[in-house]
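Letters A, B and C mark the chains in the order given here, with residues in each chain numbered from 1 onward.
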Amino acid sequence: MSAERALLELRGIELSFGGVRALSSVDLTVREGDIHAIIGPNGAGKSSLLNVISGLYRPLAGTIAFAGKDYTHVPVSALAHLGIARTFQNLALFAGMSVRDNIVMGRAAFARSNFAENVLGLPRSRSDERESARRAEEIMDFLGLHAKGDRKVATLPYGLQKRVELGRALIAGPRLLLLDEPMAGMTAGEKLEMCRFIVEAKAEFHTTVVLIEHDIGVVMDLSDRVAVLDYGRKIADGPPDLIRADQKVIDAYIGVDHDERLVEAAV
Amino acid sequence: MRFWLVAALLAVALLVVPRVGNTYLFDAILTPFLALSLAGVGLNLLTGYAGQISVGSAAFMAIGAFAAYNFNLRVPHLPLLASFALAGLTAAAVGIVFGLPSLRLKGFYLLVSTLAAQYFVQWALTNFHWFANDDPSGVITAPQLAVAGIDFSSSAGRYVLSLAVVATLTFVALRLVHSQTGRNWMAVRDKDLAAAVIGVPIFRSKLLAFAISSFYCGVAGVLWAFAYLRTVESDGFTLDLSFRILFIIIIGGLASVRGAFFGAAFIVVLPLLLSRIGASFFGTTDSGIAELVEMILIGVLIIAFLIAEPAGLVSLWDRGRRRLARLLSFVPAPQS
Amino acid sequence: MSFFVDVLVGGLLSGVMYSLVALGFVLIYKTSGVLNFAQGAMVLFAALTFVSLTEHKLPFAVSLLVTLAIMVALGWLIERFVLKPLVNQSSITLFMATLGLSYVIEGAAQLLWGTEVHGLDLGIPDTPMQFGSVAISEFDLVAALIAATMVAALTLFFRTTRTGLAFRAVADDQLAAIAVGLRLSHVWAIAWALAGVVALVAGLLWGARLGVQFSLSTVVLKALPVLVLGGFDSIAGAIVGGLLIGAIEKSAEVYIGPFVGGGTEGWIAYVVALGFLLVRPAGLFGQRELVRA
């Protein structure tokens, strides 16, 4: 079903914060076209891993290979051009801007006009604006946000804000989409919708997705592969069926007693 | 609709007001209002839109005023408006220098940078007499204001000249804030981490904000000195003036170009109003007391606006207008 | 050489005064994350109130007590009516609110007590005392002693009293502090009251030096570079930063001043702080905030 080529490959990633080992020798291979979930108890290092991939954290050791190039630290400023987009665990929207402008911002790296061209309304600036506006409409249609385009994003309910953040990531047409708990705090109905968006986005934009999620049911349904982190180590990685039956995974979850759902899902 | 409204307003201000207004209106109200509005627009680009706090606006106004004076003095045959533009560019260059710390500093740490600008610039302009053409008093008279052979030195003329400059630059500011440049600023202001991840050039955006904001303040300083005060002196560009420009955008509305005009109107009219009230109700003409009352009132209003109406007078105005429109639409149209 | 020592000692002593003002800022910043721009206005208000009371023939001790009470009340009022409604706002908004506050306090102080300059005599002689080759004014020495006492008292307060411990808990982690049942507004009110007390002490010493007048509130802005050097949340930093700034300022005026026509005291502190910030954004002792994503 999925292509075999690896789009992203982490090798021996180490990261610590003043004594706290957030990640210890983590390897991870994400194949092109997959939805690759990362699960694990609170504080396991899932977000840290995403931050390493997106260059916000600089690992102490290890390499990150993306699309055939090796990095010891992914440059944040080049992220968009590399084709990596992400969302954040705690919403990171531009609170003072409208929904449309938030989504348009996702293309910031691709604007070709400078401020003088913007002031004078020169052709390049105008075509930039047109292109951004067109794509933003598409994305808002896709996410069912078109009626909300002019609303200040901070006035939207939480679930919709999460959707706007997804839109901001999608508008760049990323090769790799990193989602940090896109469904946290959502109602069951909202979660279902969000799942649909992720699956459709993958189909429509040919995006590879790395997804952090606590809802095991969702993860098992959605993912092609699942990696499990515990105390900064990867303890399992494979197709959902195998993970469900993995004794180490079950132990980890029972041991820290954080998420009984996995156990339920497993039995 | 909006466009025509603004166009009509501008036409009235440019064609009708100069004919019907009197010297007091121009000299004490409209010209300072325009200069302060422009400074407010400039600071709003930096603070309101790009989220970088500054308490050094007056320093950049001073740089503009002195630069324009020196360009006029030392470059023969330089057109007046060219000296305005060069003054703005000079202020922008200095603005970039004092904006450099914004690479590493956030929030009120930046205060120190802009305070440094405020004190250093004022000191340099006072201390190095070359800037004031070695005039012993340090107070120099502004040059004659003539553009393309037309003299703008009268009260009404200075008002018209200011209006033209301010209207042009306001138009530019509006274009800017609605373009990618403006969106980048707001993104940096609201969530710089997310902005970095999507590829906003953070540092470049901040520096651009400093440069453009300082350009605006610089030109505002030229108008303040040349059109309003008619003299150029560094003593006028104090920290207190910087604070007042900050108050203009807080009261008028942060991140609103229009807000700067509301705020400036308020700051210009309030003291005049207070001294009128003082004179007619309490029979006192003690300007000292009026000044203190003004201080207290401004302070209270700042706090009140921050608590109750963070979007400033502009948002009050817009709400009032909408309410009025709703009211009117409920009233049945009069039968004729 | 001995001239240099003289300059240095003079600088350090005036630095003591900066430290004193900076302390007031640190108290508020540590507990509520607010940069209280009105600290200078509070210093002015305290000094002006005290002076006016003594000029109205109140005895020294009574004036001191009354002013103290007024400053504590002022601190409480500020917390209640300005800070509380703005809780959870951005630090820039809070700063702007305290800037507005400084206008209110400065205006009120002068409206109440008048705008003329008052002399303030604390009865401490300003005679120089000779220590080897260095002359130190007795007043400066007493000021330094008072400052040291304040710091010691505050440190004791933080280390040993229940309220002090609550302060530190709030400074460390507001959420956790709430979770264990600390009343934030309580802690804040006390912090503001304490800042009022510090303002009074600073106001008296500064006022005795410079005369009690409007410019006191601007001199106090020098505390900002001090805080930048020392870190906004460190008492030790406020002391060291103050001394450093004092020493740098005096040395610059003596050694650089003559080449640029003097007056460097007005800005050198800010420029030094700026350069320093670029190298060490968290100050000498302050804690560096980590970016979380």
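In this section, a residue touches a chain if its C-beta (ideal position, glycine included) is under 8 Å from a C-beta of that chain, and two chains touch if they have at least 3 such contacts.
The shown structure was predicted, so the numbers you read here are calculated from the model rather than taken from an experiment.
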Exercise for review: For the chain pair with the highest number of C-beta contact pairs, give its two chain identifiers.
Suggested key: B-C
Study note, to complete from the structure: Of all chains, the one whose CA centroid lies most distant from that of chain C is A
Check your understanding: Taking each chain's centre as its mean C-alpha position, how far apart are chain A and chain B in Å?
Key -> 43
Review point. Just curious, how far off is chain C from chain B if you go by their C-alpha centres, in Å?
Key: 32
Review point. At what distance in angstrom does the C-alpha mean of chain C lie from that of chain A?
Key: 47
Practice item. Can you tell me which residues of chain B touch two or more of the remaining chains? Key: 193
Point to revise | Multi-partner residues of chain C (at least 2 other chains) | key: 291, 293
Practice item. List, in ascending order, every residue of chain A touching at least 2 other chains. Key: 56, 88, 92
Check your understanding: Mind pulling up the chain C residues that touch chain B in the complex?
Key -> 35, 82, 85-86, 89, 91-93, 95-97, 99-108, 110-111, 115, 218, 221, 224-225, 228, 260-264, 266-267, 270-271, 273-274, 277-278, 281, 291, 293
Check your understanding: What part of chain B is in contact with chain A in the complex they form?
Key -> 172, 175-176, 179-181, 183-184, 186-187, 189-191, 193-201, 208, 212, 255
**Study point:** Residue ranges of chain B touching chain C (in the complex, touch as defined)
**Key:** 51, 53, 100-101, 104-105, 107-109, 111-113, 115-116, 119-120, 122-123, 126-128, 193, 239, 243, 246-247, 250, 288-289, 292-296, 298-303, 306-307, 310
Check your understanding: Which part of chain A faces chain B closely enough to touch in the complex?
Key -> 54, 56, 76-77, 79-81, 85-86, 88, 92-97, 101, 104-106, 108-111, 113, 115, 118-119, 121, 125, 128-129, 132, 168, 172
